[in-house]
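Look at the two complexes coming up: subunit A is in both, with subunit B in one and subunit C in the other.
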Partner chain A sequence: MFIKAKNLNLETPKTKGFWLSVFGRLSKNKLAMTSAFIILALTILCICVPIFSSVAYDKTNWGEIMQSPSSGHLFGTDSLGRDLFVRCFIGGRITFGIAFAAAFVVLLVGIFYGAIAGYIGGRVDTIMMRIVDVLYGIPFLFFCILLITLFGNSMALSFIAIAAISWLDMSRIVRGQTLSIKHKEYVEAAMISGVSNFKIISRHVIPNLLGVVIVYAALTVPNMIVLSAVLSFFGLGVTEPMTSWGLLIADGSQNMQAWWLLLFPASLMIITLLSFAFLANGLRDALDPR
Partner chain B sequence: MKKILEIRDLKIHFNIAGGLFKPKQTVHAVDGINFDVFEGETIGIVGESGCGKSSLARGLCGLNKITSGSALFNNIDLATANSKEWNEVHKQMQFIFQDPVAALDPRMTVAEIIAEPLETLYPEMKKTAVMDKVLATMKLVGLSHNQINRYPQEFSGGQCQRIGIARALILEPKVLICDESVSALDVSIKAQIINLLQELQQKLKLTIIFISHDLGIVKHICNRILVMYLGNIMELGDKKSIYATPLHPYTQALLSAVPVANPNIEKNKQVQLLDGDLPSPLKPPQGCVFNTRCPQAIDKCHSERPQCRLINQHMVSCHILN
Partner chain C sequence: MIKFAIKRILVSIPTLLAIITLVFFLVHMTPGNPFDGERALSAEALKSLMAQYRLDLPLWQQYIMYLNDLIHGNFGISMKYLGQSINSLLFPDNMGGFWVTLRISIYTMSVAVPIGILLGAYAGLHKNSWFDKMVVSGNIFFTAVPTMVTGPLAVLIFAVTLRVFPAGGWGDGDFMHLFLPVVVLILAYAPTIAFVMRGSIIEVLSSNYIRTAKAKGLPTKTILFKHAIKPALLPVISLLGPMFAGVLVGAVVTEQIFTLPGLGVLTTNAATNRDYNMIMAITILGSTLTIVFNIIVDLLYILLDPKIKQ
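Moving on to the complex of A and B:
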């Protein structure tokens, strides 16, 4: 932002900045705001519950096996007598952590890769995008199993696997956006005004691209959550006694007579996924004023 | 009158990259044209869609690369100018776009949009001086200073075009290129913008290159008219004499299609329709480019490309005229 008329003695009506007005529109969308609040609350709970809880997530208690929810154990206990409430939130920690970190990498690599391919164009673009096409062809689970057989099972590995596959979509979206923005008349107007390529990208291309990217990032996070759950469900990535939502759900689905083992982690997951979807929806509307 | 722009044998070609089994192809958008632009005049460039008028305009301000030939502006040859020279050209030659809304970055305020050329090309200027200039220019084009912090989507099409004009004029250019600048506007707004352009031209002694397919507006605003067809000049001359006595068969056909605002005349008017479509600029016809549709074509038209000749004070490229 290089010029503001704020300091001049003019009777200029105060108009809000772009992101402020986006937030203004978003805050009017009750569903999106509720979703944002739920995500925030869940994140805080995931951080705090394991810290302040009196029982550890991996503390087995042979006296309290398969207890249904009670005031002592809010979500009940599992087949080893561990408290499900704490386990749900420590699992949430892992799930959220992997999802946010992977989404961050996806944003970084995807924007970088896509913007370069789109802006340079020509042969560079063709080669970069064919690489993406080839990577698309690798099946996700096969890729994960390959990684794990090669390097052994670890949480970092499941994070790497998810990030390595998921940036492809983002780079395609960013490339497409860059291509269309590159030929917009306001970019040409900037060229005629003598603006350098670097400034055109930073001042015109990226701000106009961010709207779509932010929405897609919000949609990517639940995708990551599902992917990490899928990996855990197959016993890849996170291993006992550490847990994740995917593992908890897998465990619960094998003990259907203890309904709470499936209900609580599954509902937490569903609530999270829905919240992200509604938030992304609200963001899309708020970012596009027309 | 002083020449401000001297265009000699200018060609703008686009290469369409061939694939594995496809040969490379070349679009002959502008195919060797010669003309001069004089200081203070308004020259209209007319022709149907795809005849190369926009490619020419974009070539003159650096958006399209000039393939060969020369375009001399202030002792700078636009065909070979480096980026420093282009910055000098940008200071004196500005462009007004067709779609007023698309030409403004939706993420920037009016002040930022109008100030951008000034801040880029005169980086040493103080912020307060830039701001004063922005306000003065906004006043010049009829925008009120309290709109300074608004965003483009809060404006109507006509106001957006005023912002676009202000952005072009803040550099105090000598030449303004208007590429279909009013064709996207409503009729009443169109009139306002045309009047604004004429008023500004008188005030600022602007030279305007006005590209349009609306022959009525061209007749209203221009001093001279250049008729283009498939990348070539067909006829160039004074507005009055072009409209009164068009010499080239293409100009005649073009002008006969203009509707007249008098039902009695319009009813009895003979419209000279041309057969066929504009040939592909990938493969312009041999000889005169107009020979495929010309009602008066002779053998020579199919073999030899006509040169521009001075006939009755018009520059015409046609074999059949003497």
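Moving on to the complex of A and C:
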């Protein structure tokens, strides 16, 4: 008992120190911090702009069709006279919503699947990873389209379909990580001294997975943004009058004469995707200093 | 080598079979039939349709017959264009369907691979130069920003504003019509190849046998072309298998942007009309190609890597 208590005392400040130093390193990375700030700002704008704006996102106005950007309509208006500024941010809300929700499901499924396969090992591991191999053989986009066609074109279902087949990478990464952690001396020591499986997983395996998971989460969200946007080009996913960045870009590329219809949603998307890329890079460097 | 090749092919057959089975049962176990949504059909018309598509048979019989069709290279009948075989839509006699997608993918890869390798090698040899930094940041940008954003922007700049290229369409497959879509695809994939090549050449150049070669006083050219290039290419080659499959899918997306008459149109039509047979066919075709490319790349890898050859 005494030894265990002492161990705990040693352990707690050490893990705290690790995350503090990670944050310290991250906060020194200007690019990553700026990116994080941009993502935060965009998220807040997506939440607030539709609430506080004077025009609704689906308010058509036949008197103001295809207006170029002006002080009245910052981003101009579309072919139905709807304000693009509001539409960009309500679309951002949908895009972010789908992406974050899908990423959450992906992480959850991926971590559980990978950790179980890696920790149990043996035949279970072989079978579980064979299933992953098979799913890897299917071109992702086609499979997504197949699922959405089968289960109907609703937003909730399309995000489930997206999440259902995006966890493959995550599960592989987590499995590999779990395998290597399982054979670390401190886990073996814990096993020998009779610590329960549950405690080993919650104390040693999951905290050590957290780094990988955080980096991968920062990579999964933009992937989900892109995928949900690509689906819009195939007429799947969000439908009018609701919108998403993918749908806005698809619309914009139909109406090239009105450049603002393409340029604003596309720029928002580029800014977001790059921010996530830099943030993920920064997180990776901060978590794994070499 | 031949033994390995045969083994590699045999191993991938169950994978393909598993994919086909998964797709088939996913489609056929979902409640409702594909003719639900259409205008009300009379009971008899529905019955004859069901018979035409074998939907009246027990599921396992349908499955066996579908497999049998696939072995004979027959993807079945389209549910949208009644009576038309999917093969004639996927592989038409004139330019269209899969041929368009395949052509774009081949053009893309045959430019992206050499350019990617050259840029990557040059960047790796001049680490931390401005050129190197450009390759690295180009990789970050084009990995993050997909063709569905760069594509429409390219159309806006080069077709609508500058009027240098047509905004879309196949034309007769001429240079002007295919330039933008292929360049957009190249931009999406060449940076990744360059980045991997850069990393691997940096690693190879810092390895022991290169140091030995330098110490022996071999000229730089000999070191580079005789000793460094081959091992440095290996990671790039193992990247190409999954990448070609990715390019095929990327080409489908690009077709949507540039309104090319390839697999993209077929996919959209199939998705909006719930043409299950067509989507199944496209998914299975894509999976088969993915698996085939992975086999080819694995074999190429063995040819180049003396460590595995023995």
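Keep this in mind: the second predicted complex is superposed on the first by the 267 of 290 C-alpha atoms of A that agree within 3 Å, B and C clash if a C-alpha of one lies under 4 Å from a C-alpha of the other, contacts with A are read in each partner's own complex, and residues count from 1 in each chain.
To be clear about the criterion, contacts are C-beta pairs under 8 Å (C-beta built on N, C-alpha and C of every residue); 3 or more make two chains touch, one makes a residue touch a chain.
Since we're looking at a predicted model, the values are computed, not measured.
Within the superposed three-chain model, A:Asn208 lies in touch with subunit B and out of touch with subunit C [touch as defined at top].
Judged by the touch definition given at the top, the superposed model places A:Ala190 against subunit B, while subunit C stays out of reach. Contacts of A:Leu141 after superposition on the shared chain: subunit C is touched, whereas subunit B is not. By the document's definition of touching, neither partner reaches A:Gly237: not subunit B, not subunit C. In the superposition on chain A, contact of A:Gly110 is made with neither subunit B nor subunit C. When subunit A is checked against subunit B and against subunit C, the one touching more of its residues turns out to be C. Once the two complexes are laid over each other on the shared chain, residue contacts for A:Gly282 go to neither subunit B nor subunit C.
Against subunit A, the residues of subunit C that register as touching in their complex are 15-16, 18-19, 22-23, 26-27, 30, 140-141, 143-146, 148-149, 151-153, 155-156, 159-161, 167, 245, 248-249, 252-253, 256-257, 264, 267-268, 270-272, 274, 276, 279-280, 282-283, 286-287, 290-291.
Those residues of subunit A lying in contact with subunit B across their complex are 1-5, 8, 10-15, 18, 184-186, 188-195, 199, 203-204, 207-208, 289-290.
On subunit B, the positions that touch subunit A within their shared complex are 61-63, 86-87, 90, 94-95, 97-99, 102-107, 109, 111-112, 115-117, 119-121, 127, 130-131, 134-135, 145-146, 148-151, 153, 164, 167.
Subunit A makes touch with subunit C in their complex at residues 133-134, 137-143, 145-151, 222, 226, 229-230, 233-236, 246, 249, 252-253, 256-257, 259, 262-263, 266, 269-270, 273-274, 276-278, 281.
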